[in-house]
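Naming follows writing order (A, B, C, D, E, F, G, H, I and J), and every chain is counted from residue 1.
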Amino acid sequence: MSSAFSSFSAVSDKLFQAKAQKGLTFDDIAKAIGRDEIWVAAAFYGQAKPDAEELAKLSEVLGLSPLQNDVSAQWWPMRGDLGPMPPTDPVIYRLYEGVMVYGHAIKAIIHEKFGDGIMSMINCKVTVEKKPDPAGDRVVLTFDGKYLPYSKW
Amino acid sequence: MSSAFSSFSAVSDKLFQAKAQKGLTFDDIAKAIGRDEIWVAAAFYGQAKPDAEELAKLSEVLGLSPLQNDVSAQWWPMRGDLGPMPPTDPVIYRLYEGVMVYGHAIKAIIHEKFGDGIMSMINCKVTVEKKPDPAGDRVVLTFDGKYLPYSKW
Amino acid sequence: MSSAFSSFSAVSDKLFQAKAQKGLTFDDIAKAIGRDEIWVAAAFYGQAKPDAEELAKLSEVLGLSPLQNDVSAQWWPMRGDLGPMPPTDPVIYRLYEGVMVYGHAIKAIIHEKFGDGIMSMINCKVTVEKKPDPAGDRVVLTFDGKYLPYSKW
Amino acid sequence: MSSAFSSFSAVSDKLFQAKAQKGLTFDDIAKAIGRDEIWVAAAFYGQAKPDAEELAKLSEVLGLSPLQNDVSAQWWPMRGDLGPMPPTDPVIYRLYEGVMVYGHAIKAIIHEKFGDGIMSMINCKVTVEKKPDPAGDRVVLTFDGKYLPYSKW
Amino acid sequence: MSSAFSSFSAVSDKLFQAKAQKGLTFDDIAKAIGRDEIWVAAAFYGQAKPDAEELAKLSEVLGLSPLQNDVSAQWWPMRGDLGPMPPTDPVIYRLYEGVMVYGHAIKAIIHEKFGDGIMSMINCKVTVEKKPDPAGDRVVLTFDGKYLPYSKW
Amino acid sequence: MSSAFSSFSAVSDKLFQAKAQKGLTFDDIAKAIGRDEIWVAAAFYGQAKPDAEELAKLSEVLGLSPLQNDVSAQWWPMRGDLGPMPPTDPVIYRLYEGVMVYGHAIKAIIHEKFGDGIMSMINCKVTVEKKPDPAGDRVVLTFDGKYLPYSKW
Amino acid sequence: MSSAFSSFSAVSDKLFQAKAQKGLTFDDIAKAIGRDEIWVAAAFYGQAKPDAEELAKLSEVLGLSPLQNDVSAQWWPMRGDLGPMPPTDPVIYRLYEGVMVYGHAIKAIIHEKFGDGIMSMINCKVTVEKKPDPAGDRVVLTFDGKYLPYSKW
Amino acid sequence: MSSAFSSFSAVSDKLFQAKAQKGLTFDDIAKAIGRDEIWVAAAFYGQAKPDAEELAKLSEVLGLSPLQNDVSAQWWPMRGDLGPMPPTDPVIYRLYEGVMVYGHAIKAIIHEKFGDGIMSMINCKVTVEKKPDPAGDRVVLTFDGKYLPYSKW
Amino acid sequence: MSSAFSSFSAVSDKLFQAKAQKGLTFDDIAKAIGRDEIWVAAAFYGQAKPDAEELAKLSEVLGLSPLQNDVSAQWWPMRGDLGPMPPTDPVIYRLYEGVMVYGHAIKAIIHEKFGDGIMSMINCKVTVEKKPDPAGDRVVLTFDGKYLPYSKW
Amino acid sequence: MSSAFSSFSAVSDKLFQAKAQKGLTFDDIAKAIGRDEIWVAAAFYGQAKPDAEELAKLSEVLGLSPLQNDVSAQWWPMRGDLGPMPPTDPVIYRLYEGVMVYGHAIKAIIHEKFGDGIMSMINCKVTVEKKPDPAGDRVVLTFDGKYLPYSKW
């Protein structure tokens, strides 16, 4: 997909380079712009769309010329096309395996608790927390999404 | 895959029929056998393996002849093959979309917080909670998995 | 997918047979149960979930024993798995071609008119109208779906 | 696909850049050249073919040198190859999901209302309207296509 | 696809058995019902839809009970799903190879002779003729389809 | 596929550019070199191999330096890899749909008229004619291929 | 593919059972009917079409009721659909690997020795010989196919 | 795959260019270096690995600077990834069709003649011969591979 | 694949049932017939071919009627087609992930230690050992395969 | 995947070039940095992540400027995407074939020896040894991975 369709992803390299040279974590950046680290990482990968104010703050914390004045700020994300599916990277594959193994169970419980509808992945917040555990630390990954019932007409 | 390879899935129909006729929810059954509703639903779909004691309790709460004495209790689950990928059902597709859209961000944060490793989907607990919200109730889906660092040798 | 997972689709044959023997159109049935013909057709294909009252009316108009008392009434639809994608049937392929050819244009206009979000296919109504035209009648197909903005967090 | 096969797409970048720098919407451009915004957006993505007069107007409104004199004006669109199918972008995926979930119902109603034939995606007009709604604005997407009956011979 | 969706294909076996037992060619049947042999063969494979009169004639020439009174006569063909694509059978693969090797050339000539549009495969007649040739007989396969120009709006 | 494997396709751009600048149709070029327009278009797309004499004539009519002296004249076409299958372009898709819908019928008639063998796509001529029709002009596409019976041994 | 399309494959089981019970090799059968063992094995798998005389001999050597009087004798093979591609069985995969690794080299040599054309797989004989070798016996697999030059027109 | 993984294929272009400019056939080159033409063609495509002596001879006959001193001489071939499978080029497709149509017959005869094992494609020689025939010349393609029995343990 | 092609897999169910009813492990069976447990498990899944003597011992230890007298003893395994690839079951997927992640490294070391050739999967023994470890027991999986150098000719 | 996502793979070329020019084996490098040759090869291919100390040693033994000071040292590997699956290279394909043919047997034995769980491919060491054998040297490939039992909750 050429830059005509989604020029924001064209600035991803610039963002990742600046982050690495400044030695910042996503959490550092998230605190500086008033958002969560997962949302910020998603924006770096072109999967979320910062507005002009957020671009201004990003530019400042990363020491870049103002991104909000860039033509790229006018385009919209093409989401979801970062790599192959099934994922080949083991970290991402485990999430995919979670959908395969527990997807039907999750669907069944959503229906039992809410009825005939879905959990929105648009009106949804995603967080990752580190939970210390003597038997080995744990990753707590949470999707908090709005329930949407199916229309009838 | 014939019954030779995974005869437990052959009892899925029996379990689902009994549950429907008794009018029980997964939560009802989970409480009766001392497990969580998602794990119980996964077991119904052949994605988790109940032991003899759990089979005994399942048989009791569902009014079935003792499943633990069944030959099927000797086989192991073939996990992950319940339906097509990408999923065509909208509920399950939204989870898959979550992996596509937020997978790289989740990976980045896991690495920043933990190092070079993965979140286990084997040593992992999955829960679904209903969070009331005046703007529309929300689904809170949580994966709580152990962090596993990559070996070097 | 066995009947354990979605027994409603198991009654599809019964519904289609009864409809053919009675010589009813979907519009006839839709009027009898107080819904639109597309929604009714979707329910026949297992893509929409009638409630107990709708099942009672369906049973009546089609001369079937009460479907609402059936165990099948307790399951949830597995949507979207009726045939191959890309579709091989020319009628359905034309809709798929519409997504390929006009999808990016539709996305661009939704973003320009609404912002960074999507048109819901859950909170959505679908209708098909016949528009007489001397140069050949026209099919007017409409999707009327709620706009959902992307969350930030 | 190299420029030999479809050089119009090679001007897409130029068109998108000019539109962004002028700060125009597709509707602004559509009004200037006497066409609908969806058709104009489709042309920007190389999915519709403007004639010489339309290229002249496009050049004028966007401040570009006359596109109608360009060699690119002699080629024909290669339609439909803008991104992966199933679509990974959530906006376009929802349209695709609409085909999967409602495609058979739409086919059934077209047959009942028209007979054995299809809705043309060639002789077809596509529009997107914004319908204000207190419960959240709605997107109204319409396909208006000619009915074509199957030949017999 | 179960019989709910396209019961005509369910009578294909009956048609093929009767044809074999009567020792008739498609051309014999075509002459008896007043259609071309390719169209008749397509109908046998469920790819064309005979009307009540044609079903009556088919029943007569094949010695079958009246097909037009059958419930199956109320459904519509699901076209295009007879076998794998790419085709594995060499006869059908050669046609597919023709599309791969000559498709772009055919597209280019259609555009040069007609403009921006397509050749309809709905309003289209297909014939196969045997052309004797001392160097080996030849198959002459012809598609005669209506030209459809693209809409603008 | 790099230029090592099929450098003729490397001259396609040059041919298409020259044709566009001269304002010639494929038929103009075909008449100048003594071949049919479909064959010439196939050669432009690298799907047919012109010999030295044909390259000399092509060079002359297009005003190019002698292609027959080019190293590229020594390689052989890699046929069939111009675009995705199923085709996404609607013109080429209609041909593909023809194979899906009528392929089995064509196979059946070839067998009935000729026996157990195939229609060659190597010893085959392809033509496209415009047939004026008051109800809309028609495209007549013909494949004229040698019948090849299967060997026994 | 149901028996309507290729009933010969329906007799494959009968042929294989009879061969096993008689304890015959393909070579035994080949000698009895006057054909080569590879061709006979291909016929058993439905990949070659025996005529009435060959069916009579097959019936005799295998002790079956006369196959030539069977309705199945009127259908035509659907070739090439015996298993997945890429093959998963190691014996067949090695042949496939041969095409991947040596296919371009074979193509290059065919072109250098014959010109722009192909080796026919229709007018082709296939044999397998055992060549004793002290370092381990060798399989000699030979394809002897007619060269077919590409048409020009 | 970048040059890091298999830099020999990076010299393919150089080899093909030199061969074309010298006007040599693969057989000319094969005789000069003491190998068979198919093996030499395979080496040109990066599917076989010449040793230092063979590289020296290749350099000499093609008039290139000594390839054996090149860093590229230290890498190993990545075999089998030259083009799509199924092949789209008709010459290579016919070989693939041979595997589909005759693969099971070849497997059956190998087992009958040798037992439970395979024909090696590693310890294998491939040749192409031209066999003159008044009815049209024939291509004789031979695979001569070692039989390998399956281990038991 | 019907029983005509590989009837041994038809006895898999019988073997698995008998093993479960006897309460035997693969190791118990392996010791009784003088083979390794992995080889025995492979045979149960139809991936290895027991000879007459091994079938006799298997029949004895499992209490089955003599399998060696069965017609099924005359067929050959169709290997490799037990489930989808990529595998969806997590146990088998981890092996597949091992090929993806470490495959190129393994290839590089095989070439450095042995030259241009492969590790045979035909002349290969596979074992699984349990290695106790206070930090958690370990699985030691070993492939011991013959090195095969590539032929030159 | 651009360098933004995994810049370490961008240094692969540099590493491979230096290794070739120094004429070092992976074992030479492994000894110099205190790791195993398979792990080092995996790191060269971007499938393992060296830490700062290992990068320092790698830089030294290969004569490169200090890699540990490079921005690239801050990114994380995207594992598993080096080539197509199924693999086309015969060396890697044999490993893949091992998973297809022996995967179910390995799974069965792991379950019998350990219970319901998996062998970790994260906490796993991979080695390749050369075992001399008069009948031909053997490759001994070992995966030594931690057993992980499935959670219940």
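As a working rule, a contact is a pair of C-beta atoms (placed from the backbone, for glycine too) under 8 Å apart; a residue touches a chain by one contact, two chains touch by 3 or more.
Computed from a predicted model, the values in this text were never measured in an experiment.
**Student:** Would the interface of subunit B with subunit C count as same or different, where same needs over half of all numbers used to appear in both copies?
**Tutor:** different
**Student:** If contact pairs are compared by residue number, which of D-E, B-J or B-C agrees with E-G in over half of them?
**Tutor:** It is B-C that reproduces the contact pattern of E-G.
**Student:** Measuring from the mean C-alpha position of subunit C to the mean C-alpha position of subunit F, what distance in angstrom results?
**Tutor:** Here the centre of subunit F sits 42 Å away from the centre of subunit C.
**Student:** Would you kindly tell me how far, in whole Å, the mean C-alpha position of subunit J lies from that of subunit F?
**Tutor:** 47
**Student:** When the C-alpha atoms of subunit A and subunit J are each averaged to a single point, how far apart are the two points in Å?
**Tutor:** Going by mean C-alpha positions, subunit A sits 29 Å from subunit J.
**Student:** Distance-wise, how many Å sit between the C-alpha centres of subunit A and subunit C, to the nearest whole number?
**Tutor:** 31
**Student:** Where does subunit F touch two or more other chains at once, residue-wise?
**Tutor:** 5, 38-39, 44-45, 77, 79-83, 86-90, 93, 97, 100-101, 104, 107-108, 111, 118, 120-122, 124, 126, 148
**Student:** Which word fits how the chains touch one another: line, ring, star, complete or other?
**Tutor:** Looks like something else, not a line, ring, star or complete graph.
**Student:** Each pair of chains that touch: what are they?
**Tutor:** Chain pairs that touch: A-B, A-C, A-D, A-I, A-J, B-C, B-D, B-I, B-J, C-D, C-E, C-F, D-E, D-F, E-F, E-G, E-H, F-G, F-H, G-H, G-I, G-J, H-I, H-J, I-J.
**Student:** Tell me, which parts of subunit D touch subunit E in their complex?
**Tutor:** That would be residues 5, 35-36, 38-39, 48-49, 76-77, 104, 107-108, 111, 116-118, 120, 122-127, 148-153 of subunit D.
**Student:** Hey, which residues of subunit C end up touching subunit E in the complex?
**Tutor:** The contact residues of subunit C facing subunit E are 12-13, 15-17, 20-21, 23, 45, 82-84, 87-90, 93.
**Student:** Tell me, which parts of subunit I touch subunit G in their complex?
**Tutor:** 1-5, 71, 74-75, 77-81, 85, 121-122
**Student:** Given the complex with subunit J, which residues does subunit G contribute to the contact?
**Tutor:** Per the stated touch rule, the residues are 86, 88, 90, 93, 97, 100-101.
**Student:** Within the complex, which stretch of subunit G touches subunit H?
**Tutor:** 25-27, 37-39, 41-42, 44-45, 47, 79-83, 85-87, 89-92, 94-114, 118-121, 124, 126, 128, 130-131, 133, 135-148
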